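Labels run A, B and C following the written order; every chain starts at residue 1.
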């Protein structure tokens, strides 16, 4: 009969929902909203933290992960995603939350090193034996060099690359605006493909064989080289580059609502522990813990790291003058 | 009986061209999906499919599809009945309005829901005050899925019901049959194949929707990741085999859809021949 | 008993003899208002915050205009290619019997059934310079991935069923006498096709091509992987909306989205009206 089959369908649907909604377990859940390429990283760190928390407090907790483009992730929280903590790759995306009152105003003072437990810089991945002889930024504006990096409009990673190139040119030409603009124009013209995110750029470079050089976070290019064969690619860290901080913060209103304040704070503090810092260094991020820094010293060549503030004032100014609609990036790309 | 294009040479040429083009253009991508999924053997494929997060994504995707279909069905039938059986002012506008989901880019579809039901939206802030969360949870995913899939059933039914006209139903009314009986005994048998076809299309789209869902999902692994979102994340994680393994599941659903549809058409054609 | 012969003139019955007007109107209006129109208010709420001049500046930004050109150009090419390809497929499927015909017929719906994200990564994999197709085409000097050809290809892939499925039924219903008459009068296949069959198929072909075109305007998932996304060259309008979203510029995103929305809706309305006329004419022709 019709009705019975309908009833069966409804029952199945109801059951399905029951299964799909997280089981109402007694244990607390913490949601970490993070950037795209940190999935493996936090998949490694979370179990360690859970063990650590259990040993300290005798409580079993669960950590949920949400990953996406850092800006899209922040937007989701603004619109109501109930993440307890954020671990992003760009200061502005945390600042947006602070401006909306979801994160403490002085969040950068609440944890050491500007609330950035680890950092990285922008580096190059070139093909075997570096056929185009790329060592620094000025080699990228040579005729016939094809560059791959994600779109600065859609990706924080791409913004760091753009700013690093700008910082280099600014230093090289002693602040001569016209020459800096010329440099950047050529640099942008040499881009072979503008993927929307870092991983898309990697796919274009590795799997599709596009371009002579991939520019991404140092951590990322090292991971790629490990993943795809250290014989086929080389990592080049330019003598001058940018300091890329990875800011973290507690989303207070959400943590409060979820009753997770202590857990959220402890989770972020854990990222500064020796254990976590060693894991971070294992994922090729630069860290602050002295013992770990020494241990991994040879993996991270010394290089001059310019801060965003040195390059363009503050993040707010940089976003306005460079990346906003009609900003410098738009002007430099105009033909 | 000679018809245009019946000459053997023309025939052969056209068939070859069509088959070749279709194979290159349509079949090859399908083959590529499965080739990539099994690139590292069945074991790796299986390990990727039975991964906890993949299973959770499959489950969520199926639940969303199962919930979407009845809603679209009721709406589609009601709307088709309305615009094909009655004349009233605004009929044409209503018919065009249901095409909105076709005209709106899926990302924008997600955005409009977010702007309304998100924390800063006027409905969303009220909901938030009452601790009701729609966005970044399964209800939000369900809502945008319904949005993007709702035209399919109606679009299938309207031309058919228009063509069939309402004489049979009118006869039934004259005989004094109650409304519900008329629908079940007279209308339903006439439209059931189109209805099923609409459901199949709805299901295919509901299972595969990416753009709109990605905006409202929040991408919490194991909780609000649908299969297409999960696939994209695997792709981003350099797990090409995993991504294509998920893609092959979706392609499999697509293939089942095609088979179901083809057999429906075949049965319908046979019925017509017998009738 | 053929149900088709009922069609003529019945829709215009003025009296409401049939039951269910209130119920179906209620369900339809509730649904349309709640699920379709209410969310749209969010879009227009954003637009209301813009002055006309601001709105104009956003939608005529030269990079956005370049993206219209790319999108419309590629969609037009895709639609034209699909018109030819779709016509061929519909013709072969209706007029000829051959082994594997059912398979070919079923395959036509694949682009609708296959999620666009899957189509996107698959096409990008196939047509990249080291993919199965790319390896063959690149030596011939045809680069598909990361050029506008790739965009047109992805659009053509996602919209081919529209043409096939609109032309097919009309071709099926076409009376035998029509082309027989042409041939008896001594016309060649080509003239016969051009003079007799094409005029008959024309409305359906235009409708299908139009739907394919509209679909291509809004497509994002399938294109983004293969487009290359270079400013002024391979940026599609859907990407510009996406970029505005990344900048938290909801108003800007809504403004550009509204352009696509209005263009698509206007086209769909035209197609709906055209289709209505066409059905009337068709039934008037051989009732």
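Convention: a contact is a pair of C-beta atoms (placed from the backbone, for glycine too) under 8 Å apart; a residue touches a chain by one contact, two chains touch by 3 or more.
What you see is a predicted model, and the numbers here were worked out from it, not measured in a lab.
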Exercise. Which pairing of chains gives the most C-beta pairs in contact?
Worked result: B-C
Seminar exercise, completed: In terms of CA centroids, furthest away from chain C sits chain A
For this session: Go ahead and note the Å separation of the Cα centroids belonging to chain B and chain C.
Result: 16
For this session: Quick one: report the Å distance separating chain A from chain B, using the average Cα coordinate of each chain.
Result: 35
Exercise. What parts of chain C, by residue number, touch at least two of the other chains?
Worked result: 125, 242, 245
Problem set entry | Contacts with 2+ other chains: residues of chain A | 200, 207
Problem set entry | Where chain B touches two or more other chains, by residue | 114, 121, 235
For this session: Sort out for me which residues of chain A touch chain B in the complex.
Result: 9, 12-13, 16-17, 19-22, 31, 36-37, 39-40, 64-68, 76, 78-82, 197, 199-200, 202-203, 207, 224, 227
Exercise. What does chain C use to touch chain B in their complex?
Worked result: 1-4, 6-7, 10-14, 16-21, 23-25, 27-28, 31-32, 35-43, 45-46, 85, 88-89, 91-93, 95-96, 98, 100, 102, 104-119, 121-123, 125-126, 132-133, 156-157, 160, 176, 179-180, 182-183, 189, 192-193, 196-197, 214-215, 218-221, 238, 241-242, 245, 250, 253-254, 257, 260-261, 264-265, 268-269, 272-273, 276, 279
Problem set entry | chain B to chain C touching residues, read off their complex | 1-7, 10-11, 14-15, 17-19, 21-22, 24-30, 32-33, 36, 74-75, 78-79, 81-82, 84-88, 92, 94-109, 111-116, 121, 143, 146-147, 150, 159, 162-170, 173, 178-179, 182-183, 190, 201, 204-205, 207-211, 228, 231-232, 235, 243-244, 247, 250-251, 253-255, 257-259, 261-262, 266, 272, 275
Problem set entry | Of chain B, residues touching chain A in the complex | 59-60, 62-63, 66-67, 70, 114, 118-121, 124, 128, 133, 135-136, 138, 218-223, 233, 235-238, 240
Exercise. Taking the complex as given, what residues does chain A use to touch chain C?
Worked result: 69, 71-72, 75, 96, 151, 153-154, 191-196, 200, 204, 207-210, 323-326, 330, 333-335
